[in-house]
Amino acid sequence: MTALMSLTNVSKNFGGLTVINDVSFDVPAGARMALIGPNGAGKTTIFNLISGVYEPSAGEIRMEGREISAIPSRNRIGLGIARSFQNIRLMPHLSVLENVMLGQQARAGSLTDMLSPLRRSKWRREAEDLLDQMGLDTFPGEVVATLPYGIRKKIEVVRALVAKPKILMLDEPAAGLNNTETANLKDFLMKIAASGVTLIVVEHDMSLVRSLCDHAVVLNFGEKIYDGPTAEVQNDPHVLEAYLGTRHAGKEATDVA
Amino acid sequence: MSGYWAGILTILAINIIFAYGIFLPVATGQLNLGGAGFQAIGAYGAAFLSASFALPVPVTIGVGMLVAGITGYLIAFPLLRTRGVYLVLATFAFAEVVAGLILNSDTFGGAMGLSVPAFIDWHVAVIAAAVVTVFVFYLMSTRFGLTMRAAHDDEVVTDLMGVNVRGVQVAGFAIGGALAGLAGGLYAHSFNFVEIQSFNALVSIYVLLYVLLGGTQTAWGPLAGATFFTLLPEALRTVLPALKSSIYWFAGVEGPVAAPDDSWRFVILGALTIAMMVLRPEGLITRTLVERISFRRSNTDKGALA
Amino acid sequence: MLLIQQLLNGVMLGSVYVTVAVAFTLTIGVLNFLNFTIPTLFMLAGMIGWALAYWGLPFGLSGPLSWPMALFFGVVVSILASLVVERFTFRYLKTKYGDSTEHAIPLVSSLGFLLVLENLVRIGYGTDAQRFPGPSHDLTMNIGGIFVRIPQLVSLFLVVLIVVGLTWLLKRSRIGRGLRAIAENPDAANILGVDTRRVVPIVFMLTGLLCGLAGALFAVNYGEVSPQMGEDIGTKAIAGMVVGGLGSIWGAVLGGLIVGLIEMLTIHFFGADTVQVAVWGLLLLTLFVRPQGLFGHNSIGKGKL
């Protein structure tokens, strides 16, 4: 597989604090990749670097071979990079439908698109269809702020999806969901992946990671400590050390994953 | 129509247009406390062209509007470098500088003001207000309107969705400035006189409060806010004396009752502001409210069809 | 010689701005709140003071009070009004969505209070300016052709005392530590055991006290009060605060003095009408070019209101 996206020696400092230190990894096209690590390892920072919220202090981020660090954050979704957020960042005063339609922006930026009414537009129909397909049978005109957590979480994924991305980055999609909801989410994400979208998922729920992802990158204190198949991550000595400390390494290996 | 009602309708129309001018930047999340400055530019632009060159009214108002809009566009770039409290202060300072410059300009009559020869009927202002209202409703129904409201809720995410947030906010200031300028031009020709005292800091405060109390989430908000607060003093003019004389009657005071002070309307505006911020800070008319009303309507529609 | 006299007048006027600017900067620095009632609190002390000195306590409780007594009550009224403002602006600030309109809630409420208080005073006492029966205007020293009014000198001394006292309070006392903790991070301050509901009213009491004193000093020194007296002073104090840097007390002191001096010098060289352009132009320029002012921290007031 060729690399759809690659990070090369990427570092990020805030003042004197190094949050990401010399991290490199490739994201193969069509991969279902997990980005894992203890709290504060720098997973969300990687997302913020890729989506352009932060600029890397050093290193290169390439999308389809093209260096993107100099591209303004608002143009990256047009390159095919969409994401969700750890704490849901939907627009609270917009309706479900409007939130989803906002996700189309990268494809609908022309002056005619901007200045024609959304009502009865093809954009609105597309958004409604996608919501239907994804089984979000909530009233699409409902203002988002009043909806339950699990549904908002899903709407955020749909909003990213409607941009027709090549790469979809999900930040803890299963946080706060119960077992049934998590299982639903897994099927939902498998369906997305099957349609050809590359996934990068930050997730703490290891059973979800194992069943969903084929590839894992593990970070600890801003450094990459593992890069390989998900199946072997729980046997890796560095990963065990990061999660449990050296003394316990090997003893409670099964608990890690 | 009596002159009294013609006057009230004119003021109402001007206030609605003015409120929409402030609504557009506020809808993108930028509090504009410099409304009087934009209005003054439009008013003095129209007044000057009418008084000095006797140009026809559409031209004077059009040019005044254009100048206010361009000012809004140009000032937006340095303004939007500031945020939060700084932005409020900067817009406030902008209005004061405009007022100060006009006050010191002989061309614009300084402290004496300018007489405006051409007079327009109340129809003109009312039609202009209707057109502006339709325009803003249209604007809010487009994707552009969607991005404005998104920028209000969360600038960072809106940017990541591919929206040029700065561009949307600049457009809000520019179009808003033009509308406030239009309100000023209509004012100049409706009352045939402009003086800088009519465009003081309190005017900026009032119009911002109209918008915030009406609600910033939909185009209904400024319409409701401006209408309510323009008609309030007229209602008070009838209600307050009646109230006062009945209180006097209860207290057993005989004799004629003096009309209550005009300042009461501002006391009421202020008190309502405080109460609204406590009870309903989103403003009177919210998305949910509009949604609920239209939802109910579409439900009954369906019922009629079945 | 006239220029020196003007400079001196500028310092005297600036000292009034300084006091009000310190009140502004205190609420912004600690609570991140641009409190638009401050000009009204300034006016309340002067107008209530005048009313008491003219008519005495309400309901015929007393005849006209002596002017120091009247002003004392005026300052008390300012402090009480400021506490009422706290009750209805800051205490109700709930951020549900964290959007830009919500951050503006206290600011908008304070605009509401500005309208209510100022117009109530107008209804009660009329809109005209009133002569304040202060100390005799003969109390003037002539130092080599420069006239120095003794009450002004006393005021200047008082202002310096207030600012030094306030700095001491913020730096050394327990209340000050609580205030600075809240300024740093309100949530963390709560966790660390700073009782926000106790400490926040202190900011408002100090605001009322500063504005009240400034209003009283203004009434004594300039011999005139009106319901509008706060507007001009308040806006100039804002300008001073911005020039000095938001959230910095010494910045407000320097900024207030600079604005006072610029005002007097502009009047001296260009006439009274140009003051507005000079002062507000300076403010606009500061905001665009160096928004942190002379002493401010760049973080204060950003993103939030």
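Every chain is named by a letter (A, B and C) in the order it is written, and numbering of its residues begins at 1.
Just so we're on the same page, a contact is a pair of C-beta atoms (placed from the backbone, for glycine too) under 8 Å apart; a residue touches a chain by one contact, two chains touch by 3 or more.
Computed from a prediction, not measured in an experiment: that's the story for all the values here.
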item	value
Chain whose averaged C-alpha position falls nearest the assembly-wide average	B
Longest centre-to-centre distance from subunit B, chain (CA-based)	A
Distance between chain centroids, defined by C-alpha means - subunit A, subunit B (Å)	43
Centre-of-Cα separation between subunit C and subunit A, whole angstrom	50
Centre distance in Å when subunit B and subunit C are each reduced to the mean of their C-alpha atoms	29
In subunit C, residues with contacts to at least two other chains	97, 99
Subunit A: positions in contact with at least two other chains	92-93
Residue numbers of subunit B (touch at least two other chains)	152-154
Subunit B partner contacts - residues on subunit A that touch it in the complex	51-53, 73-78, 83, 85, 89, 91-95, 98, 101-103, 105-106, 108-109, 113-119, 123, 139, 141-143, 146, 159, 163
Touching residues (chain side subunit B, partner subunit C) in the complex	26, 29-31, 78, 81-86, 88-90, 92-94, 96-97, 99-101, 103-104, 110-111, 152-154, 201, 205, 208-209, 212, 216, 261, 263-264, 266-267, 269-274, 277-278, 281-282
Complex contacts: residues of subunit C adjacent to subunit B	28, 32, 34, 88-89, 92, 97, 99-109, 111-120, 122-123, 231, 235, 238-239, 242, 246, 273-277, 280-281, 283-284, 287-288, 291, 301-305
Subunit A contact footprint on subunit B (complex, rising order)	138, 141-144, 146-147, 149-150, 152-154, 156-165, 217, 287-288, 291, 295
